[in-house]
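Listed below are the structures to be examined.
Common to both upcoming complexes is chain A, partnered first by chain B, then by chain C.
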Partner chain A sequence: MEFLTSLDFSPVWQYRWPLFWGLVETLWMAALAFAIAVPAGLGLALGRIYGGWLVNLPIMAFVDLMRFTPLLVQAVWIHFALPAVTGMNFAATQSAMIALSLHVTAYVCDVMRAGIIAIPKGQGEAARALGMKRRAVFFHVTMPQVWPLVLPPLGNVAVASFKLTTILGILAVDDLMKVTNRISTLTFRTFEFYTTAAVIYLLVGLLLTFAVHRVERRFGASRLERSAARADRASLAAARGAVAAGPRTVEPPPDR
Partner chain B sequence: MTAASATRTPAIRIEGMSKWYGAFQVLADIDLTVMPGDRLVVCGPSGSGKSTLIRCINRLEEHQEGTITVDGIRLDENTRNIDAVRKEVGMVFQQFNLFPHLTILENCTLAPRTVRRMSKSDAEARAMHYLHKVRIPEQAGKYPGQLSGGQQQRVAIARSLCMDPRIMLFDEPTSALDPEMIKEVLDTMTDLAQEGMTMVVVTHEMGFARRVADRVVFMDRGRIVEQKPPEDFFNAPEHPRTKLFLDQVLGH
Partner chain C sequence: MDFQFDIILRYLPDLLQGVRMTLIAFFTALAIGLPIGMTLCVLRVGKSRGLGRAAAVYTTVFRTIPEVVLIFWMFYCLPPLVGGTVSGLWAGSLALGLISGAFLAEIFRGGVQSIPRGQWEAATALALPRVTIWRRIIVPQAARLAIPPFINHLTELMKGTTLLATIGVADLALKSYVLGAQTFRYFEFLTAIALLYFIIIFPVARFAEYVERRLAVATR
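Our next item is the complex of A and B:
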């Protein structure tokens, strides 16, 4: 009781603008990292699938390194060790962005790979038998069937990269978590500010999930009916589950 | 087609061809010549290498020994030759392999547009022509998933024809179909044969072989065991394995 009566959320309103700008920083970092990770992850997935072992092995090593070491350590490596090795110096935000992008790229790579290999071989064979070149097969036959398949797990990755930004405060990045941390030490209102931050993360997370579901409704479910992989429940589950091993903040949408 | 049969270049010529999957030899010393206008039926027990053989003809599989020449073009690593051969050769698969994200019409126009750089209207006109021919023009706006198996397979045939192939390969085109749909697909293939299309058909439909083929090839364990005109093949098979196979397929 005493704890509850001692709570005072009024300073939160006083610091609304720093919190707001922290949120803006968080959002654009997550968005940019995701925007970089989708094409990069797709490229790596193609290397994994179609490249020889010389291409395949380094990509596999990269993906595992990114997935099985903490983002926090990666950020520190990139900000402090990389300049020592390469002689290039990055601002904290740049290092944070590089770390987050690489990290998310690894997850996107897995999702894309699962999606691409879920498309039955007969699709590519029919297209090649018709005389289509690899590029045309990829853009006109494979990818249009991959997108609806990878949309749900990609949505999960998007939400995950939003939440992963909280770790980047280890560098001098003023994201929402870092701002919260600073203000709370300043005001001694630790509980109030962290709770406020949590509510903001929760709301944005819900909003993102809602948006993902909308996109899915529009492009995913209905198109899935027209994917050659639709009968292939196992591969589909694999495509959806690919990201489950990693950071996941929302449950995958129920199969209907 | 009359021009094609006048020339003496074989449509397909396979000489001393062998293929391995690792240590396992799938095809052994295959010799086969198909002249323009020929209608060849290939049969044999499951696993005898029929699919592998016809997939070598458009290089969906590569062979390791011997030569394959299609319409005078030698099939080797040369991508340009492979592309040239694929322009001459159409293929119909057991599982149809229609593109599920495209409408029937789009299925038929995709290759003409991307490979032949045909305009949309030309490609669509041609697609409708062939959809008429396989008797399903009214399905043009639907998606493959909305069609029956027999209809899908006829679309697959139309899709191939849209590329103006001189040779058509069929790999068990009716094996995935319910019995009542087999006839509509075989009828479409018979029409095609009557127009003089060069055809290589892997099938167990012996009625079709009798009526349409001018030669039947029997394969077993990666080898061509016997090849004969249908009358001789069915009435006077020489090889014991052919007899056994015919007993099993025609028997009951």
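Our next item is the complex of A and C:
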């Protein structure tokens, strides 16, 4: 109780502008990484699907390496270990951005690949049979159906990249977490500043999640109704229902 | 440019200590997260609307807040609040465990809610006690769907333990970073641990995919 009454949040207000710019830096990094990751991830997904093994294998290796090692290790590796190979030194922000973009790209690649694969092959074949060029098939038949499908997972990736920026504070990046860190050691008001930062992160995170849901509902569902992928989803749901209804009557899988 | 990977062998005992810290943090967080996840799942599926709502708020909050932020908060703000000292390892593991609990709750709930109402109703009609319904009917079926995402979550948690390095817990990530700084051999140490994490996490994630495919075949 004594501790709670000794709290003083006025320094937080005093340092509102550094905190604000920290938040701007955080959001800016997340947005940039996401903006880079979407086209890059789409490109990699296309390579994964349509490329031969020579294209396929390196992409697979890249995606797995990015997904199955921690971002913190990647960021530190790029900032401290990579210069030993390339001889180039990056500024902390550059290293952080490279790490975050690559990390998010890997996730986007997976999302895109799943989305493109989900579109029935017959769609492309029918369009080809009608004499459409490959490019046209991709842009006018496949992708319009892919977007509504990948929108929800892409939204999750966007929120995730906001959350991931906090990790980049391990390099000398002036994001909100790092700024909080600095000010709290300066003012000795650790509790007040860290609590404020936690609340800001929570609020912004909730706001982002909410916005993503709105976008999903606006663009995800309505277009979905017209797309053939919906039928696929329905059959998937039916299959799930069947799964849940009678797992015990099903025979064990044949051993291969 | 010369790489001396034998330097890693020389500092192997140090690195192994880091591995020990990482594993302690991992299992502590899991030990905290599992019961929280189960409890929240039961509350959300259960009859009480108030408790269900409270559980929903918990999951939303702890799924939204970034791990690093909560780790810092636990490290700097928990000790004065409870009036004692909290070590970095405990503060960090607690933060990871609380977050893990929220994610696990969602994973378990996904499994439980995929079970048709009829199963509940039939079990209730047979006058089975609630505990028996959960233990004998719901959990065995729900587990099939929940196991692959559960294993995936374990890999996420393993990656999350590296974040304890931000509050100075000498886990594998921090150890190798410090050793790199001491010896000026960043490349060797950082590459070694990046590969080590990959070697630990990759097979587990692949195993999850395998189980998922396997279960999908089994239940088709």
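Going forward, the second predicted complex is superposed on the first by the 233 of 256 C-alpha atoms of A that agree within 3 Å, B and C clash if a C-alpha of one lies under 4 Å from a C-alpha of the other, contacts with A are read in each partner's own complex, and residues count from 1 in each chain.
Basically, contacts are C-beta pairs under 8 Å (C-beta built on N, C-alpha and C of every residue); 3 or more make two chains touch, one makes a residue touch a chain.
Quick caveat, the model's predicted, so the values are computed rather than measured.
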Fit or clash - chain C, chain B, common chain A: fit
Greater chain A contact set [chain C / chain B]: C
Touching partner for A:A136 - first (chain B), second (chain C), both, neither: first
Chain B versus chain C as contact partner of A:Q123, first or second or both or neither: first
Partner chain in contact with A:F191 - chain B first, chain C second, else both or neither: second
Touching partner for A:V85 - first (chain B), second (chain C), both, neither: second
Which of chain B and chain C A:Y201 touches, first, second, both or neither: second
Minimum distance between Cα atoms of chain B and chain C in the superposition (Å): 23
Overlapping contact positions on chain A, where the chain C interface meets the chain B interface: none
Chain A residues touching chain B - in the complex, by the definition given at the top: 120, 122-123, 125-133, 136, 140-141, 144-145, 223, 225-228, 230
Chain B to chain A touching residues, read off their complex: 58, 60, 83, 86-87, 89-91, 93, 95, 97-102, 110-111, 114-115, 143-145, 156, 159-160, 163
Footprint of chain C on chain A - complex, ascending: 3, 64-65, 67-74, 76-77, 80-81, 84-85, 159, 162-167, 169-170, 177, 180-181, 184, 190-191, 194-195, 197-198, 201-202, 205-206, 209, 239-241, 243-245, 247, 250, 252-253
Chain C residues within the chain A interface of the complex: 1, 60-61, 64-70, 72-73, 76-77, 80-81, 83, 114-116, 118, 141, 144, 155, 159-160, 162-163, 165-166, 173, 177, 180, 186-187, 190-191, 193-194, 197-198, 201-202, 205, 214, 217-220
